[in-house]
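Two complexes are shown next, each including subunit A; its partner changes from subunit B in the first to subunit C in the second.
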Partner chain A sequence: MSTKQPLLEIRNLDVSFRTQNDPLRIVHGLSLTLEQGETIGIVGESGSGKSVTSLAVMGLLPQPTGFISNGEILLDGRKISGLKEKEMRKLRGNEISMIFQEPMTSLNPVFTIGDQLSEPLKQHTKLSKKERKARIIEILKTVGIPRPEQIIHEYPHQLSGGMRQRIMISLAMLAEPKLLIADEPTTALDVTIQAQILDLIRRINKKKNTSVMLITHDLGVVAEICDKVAVMYAGEIVEYTDVRTLFDKPLHPYTQGLIASMPNMNERKGELHSIPGNVPRPTELPTGCHFSTRCTFAMDRCHKEAPPTISSGNNHTVSCWLHAIEQKEEPLEMEEENNVRHAITS
Partner chain B sequence: MLDFIIKRVIQTVIVIFLALTVVFFLIRLSGDPTVLMLPPDAPPEQYEEFRKQHGFDQPLHIQYVDFIKNSVKGDFGDSIRMGTSALGLVVERIPATFQLALTALTLSVVIAIPIGVISAYKRNSLTDRLGVGFTILGQAIPNFWLGLMLIYVFSVSFKMLPAGGGGSMIHLILPTVTLAMHSVAKFARFTRSTMLDVLRKDYIRTAKASGTPTNKILMKYALKNALIPLLTLISLELGTLLGGAVIVEVVFSWPGLGRLLMDSLLNRDFPVVLAGVFFIALIYTFINFVTDMLYAVVNPQIRL
Partner chain C sequence: MSDTLLQVKELKKHFAINKGLFKPKAYVKAVDDVSFSVIRGETFGIVGESGCGKSTTGRTILRLNDITSGQVIFDGEDLSKLSYEDMRKARRKLQMVFQDPYASLNPKKTIRQILTEPLRVHGLFTKQEREEKATEIIEIVGLHVSHLDRYPHEFSGGQRQRIGIAKAVILQPDLIIADEPVSALDVSIQSQVINLLLKLQKEFNLTYIFISHDLGVVKHITDRVAVMYLGRIVELAKTEDLYDKPMHPYTQALLSAEPIRHPDEKRERVILKGDVPSPVNPPSGCTFHTRCVSCMEICKTQTPSLAIMEDGRSVACHLYN
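Here is the complex of A and B:
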């Protein structure tokens, strides 16, 4: 890893939602860094706060309820959390782009593909109408859309889901962003199309050196294209490491559970492993470790105190009492760098 | 496309036939026009003569068959009251009614859509509350009362505008405002709720993620989607305004179709009522037809 400034840096981020009572904290103490050209996977079950995190980076938290209650987000060393809407708008679709989960509903049904694709170019470039058209056709070709000259005159309902997701990707890539956020880009698609879309994202990442933040619940997708992974549970990162380490030596019981529940093509197990229970609702978080209610290794302490974030070297951090105790015999260093999460005190 | 038009023409014929049939029998329930037309002390022979002349001496089903036969030829008979062609009387009144309906509709669309859009965008703000309050008021005020109040304020107290009659733009102002009030309220509420719905859609988030400014999101990307259901409401309203401006036309003595129908009903002038109903049904189905065509323009998913 280079010592230069990371492209994206999230420091100790809290995202909350206003409710009728007190604001509800959905994401808590989230820190991560992403270098130029790197791909990070953010993994977790539904309700773990991964989409909220990505919306916070885009400045698209649902208004007026959602807001960043603590911490900051830096892009290229510049603080972008708390930017005015007008400033943020210059970044969106330009330096940061996003692909959404639902290709079927993410395109406007009453405008042609060409119309919708010219929008980011109109906002962020001074290209003429003709140049815009040429650029759109070019990008449609790179994402593998056949006969782009005709497609730009068509409407979303005339295209399949896979095609629409390609359109969404080209929409995101038009202004050549530095950071591409992909929120479950393949969840709504067929398996074969999934592979094509992932391949496309990987190619963009390699060719344009675009950093990718991939939000998914699918560890298979992570293994496929990510450099590093943050595993989220109930709004917090519980384990953060590079992708190899995660699969070779998962430390957090939750990560272990996720890996165990991946379907394996080579084995015919009778039943898939599953982690019992659900992610607790933000209003009903258990005290201590939030995972303690579902954890098979939970000890007394887990139910009482929030676990510290332990570094197990090699940029691998985990928030779990198991490892805090194991490592007590060895000299343990709590890294103080920003890319390591702070110990959580409840 | 051709299929669609043919289907529509057949539908129109059926609708008009049914409307005429229902009205034909309904108005005959109101009583005998002879009693209203002739002085009470007229000799019975004169009554017989009058009935014979207008065919009221025939059994009802014969009258009906004759009526249908003639109306297919475009002949609705002569007005009992005026003695001139019923259809002619109706056609004479159409321009005034159209003028009033179209100005009222235009005014209400121009006022209501911005109110609805702004209310939706600034949901629960003071602006929104004022907008919603205004629309509730607009829907709650009966238009005969509003008309009378406007006449009281602008014609009687300030003597700025004429209290009634037709013929110039100045005469148009008060009836238009009165007639538009209700439509403004209806459109603004509908625009607000449709826009609220549209603004929650994924494609609006996509537009935001592309860096599109708010104005453009509202007025281009969201409004065009909201227009699809709004279009139905507006065109139905045009039908209502054309056929149902009766009260406003009476309050402002506006020389339109509504007033003619009202007078004809009160006088049991059956041919004029039927000719009027024929026209309104025709306009209504025609507006529906145009609306369906417009759908195809606004919504690319609809092909005719």
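Here is the complex of A and C:
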């Protein structure tokens, strides 16, 4: 075994769904690595394939329609894509845990909070009933649930959205997983509660050295807690880099557009920078670069051929023809960079 | 004197909820003594967390639900006193845009029908003129004439919101109450719709009440903002003043909780303890006192009134009285 291998490695992943016609490819050529203790953000707009990617890692793609049609997923160097459901179940709630976007749908309404939290402990540990209770109360305290001794006897509907999300986090953390996948953990919550939850995830990540894969459409959340970021558009990673580089020197026109359209980046009451057009549906993807129909820099080639993934050093990759060409032609890079700055400061 | 278009005075909306056959009726104090005025041509923001009463305020102004007490004076006329029929007529001048554009568009009607119907209901123009108006407005909101004969489900969320806006604007109202108009939209689409709202405001001299929980969007688009907590306004100020120097402890906590804009940005956070209390049994005194870091004895018993500060803002907090 090598000493330094990433905790999670996704290699060239394709995920497809069976339809009445041909299978529809939803995620394409997705590669990323996550070291132990690292937090990666997966950002992208609705339908870009963020949840499908996380479900693929969890082995929870909807059956029998969803399947991994190419590539592989490795955890600690061990291939986990293609594992039998029984094997996968051992990993889930043990080495990998997930927090879902809507806590209400993932907590069972007919069981008390205490019952639901006991379940993974029963499955994955040999603790006695009394020890389980102590452990549950301890974890509820760590996530900031008031009066945990009473809450364990209550049902999900008796709790607020923020409290339910904290219960979900304790559920995910009980087995002290190495990898925590959080799918939009704060999207349904108010900012003040969001700040509490992000703070909690940050503390877990620091204290237990848990790796976190955080899925969000909010660049602010990324700035808050991620070390590195994968930006997804229409099923593909279009840019992949550390978080500072993403904000300081985004290379992909889509990333640039997203950052420039944050209201805070624009003069108050002025016209906001915006990306024209709509996100294409998976059945209507343009040929060539998927972003070509909305890209202000699109060239002929962009409409015809899918762009290669270009490395721009320091683990920064971008899938865009502008940068494929740029590597040879210096002047274009200058011009491009000025454009970026302009978009961000204007 | 600036030209006041709308004046809301001591507005209350309490919803009765049944707790059980033999239990006394309880009330959700969704809006509890709210007063503000909106100046013609401005964008007036209402922010606050889920359940604080933003939508209920908007809906009660339009009398989409009954008023418990208080007055809504629009262009000199007290809407709270209008008959049902007169209120229906008055709505031509006050329109609403909703968060979920899908729910507010009839799925069985074409866009053409959806857009011409409000004109027909209000007995405006001939059939031909109504069609012309629809053609005109569909292009103004950035869609195409060919879209007129399609149905709502054929459009993306952003396009549907454009249609929802077109439907409100076609009546040439004076005031549009937009309740979370961009909250359901993707980031790249959100900015398109905000730009559309800004453009229409200039073009038609519209006044907006813009309801949102998104502090960044509110900062961008509004001239003045009211911050609500548990059915009450706790602070009302010019947008720049509010964001530069929030005064109410709740506003301070709310603004500090907003995500940072850059990984290197450092922010002092006021982390609020616990959750928002129930609006059925709001805390005594200042309703924020249970979560306030500056809470004093007086706060637990006495309700602070809105006091006017030097810069013209109002703040309901004993720290400033």
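Quick note on the criterion: the second predicted complex is superposed on the first by the 317 of 346 C-alpha atoms of A that agree within 3 Å, B and C clash if a C-alpha of one lies under 4 Å from a C-alpha of the other, contacts with A are read in each partner's own complex, and residues count from 1 in each chain.
Keep this in mind: a contact is a pair of C-beta atoms (placed from the backbone, for glycine too) under 8 Å apart; a residue touches a chain by one contact, two chains touch by 3 or more.
Remember, it's a predicted structure, so these values are computed and weren't measured experimentally.
A.B. asks: Judging by the criteria at the top, classify the pair subunit B and subunit C on subunit A as clash or fit.
C.D. replies: When both complexes are placed onto subunit A, subunit B and subunit C end up side by side without any clash.
A.B. asks: Under the stated touch criterion, which partner chain does A:H273 make contact with: subunit B (first), subunit C (second), both, or neither?
C.D. replies: Touch status of A:H273: second partner only.
A.B. asks: With both complexes overlaid on chain A, does A:Q194 touch subunit B (first), subunit C (second), both or neither?
C.D. replies: So A:Q194 only meets subunit C here.
A.B. asks: Using the superposition on chain A described above, determine whether A:V110 touches subunit B (first), subunit C (second), both, or neither.
C.D. replies: A:V110: touches subunit B, not subunit C.
A.B. asks: Once the shared chain is lined up, is A:L258 touching subunit B (first), subunit C (second), both, or neither of them?
C.D. replies: second
A.B. asks: Can you tell me whether subunit B or subunit C touches more residues on subunit A?
C.D. replies: So, of the two partners, C touches more residues of subunit A.
A.B. asks: Report, in whole Å, the shortest distance between any C-alpha atom of subunit B and any C-alpha atom of subunit C after the two complexes are superposed.
C.D. replies: Superposed on chain A, the two chains' closest C-alpha atoms are separated by 6 Å.
A.B. asks: Which parts of subunit A are in contact with subunit B and also with subunit C?
C.D. replies: Overlap of subunit B and subunit C footprints on subunit A: empty.
A.B. asks: Write out the stretch or stretches of subunit A touching subunit C in their complex.
C.D. replies: 45-46, 146, 160-163, 190-196, 198-199, 217-221, 223-224, 243-244, 247, 257-258, 261-266, 268-269, 271-276, 278-279, 294
A.B. asks: Under the stated contact criterion, what part of subunit C meets subunit A in this complex?
C.D. replies: Per the touch definition, subunit C meets subunit A at residues 49-50, 156-159, 186-192, 194-195, 198-199, 213, 215-217, 219-221, 239-240, 253-254, 256-265, 269, 271-272, 274-276.
A.B. asks: Show me the residue ranges of subunit B that touch subunit A in the complex, using the header's touch definition.
C.D. replies: 201-203, 205-214, 221, 224-225, 228, 298-301
A.B. asks: Using the touch definition from the top, list the residues of subunit A that touch subunit B in their complex.
C.D. replies: It comes out as residues 58, 60, 85, 89-94, 97-98, 100, 102, 105-112, 116, 119-120, 123-124, 155, 157, 168, 171-172.
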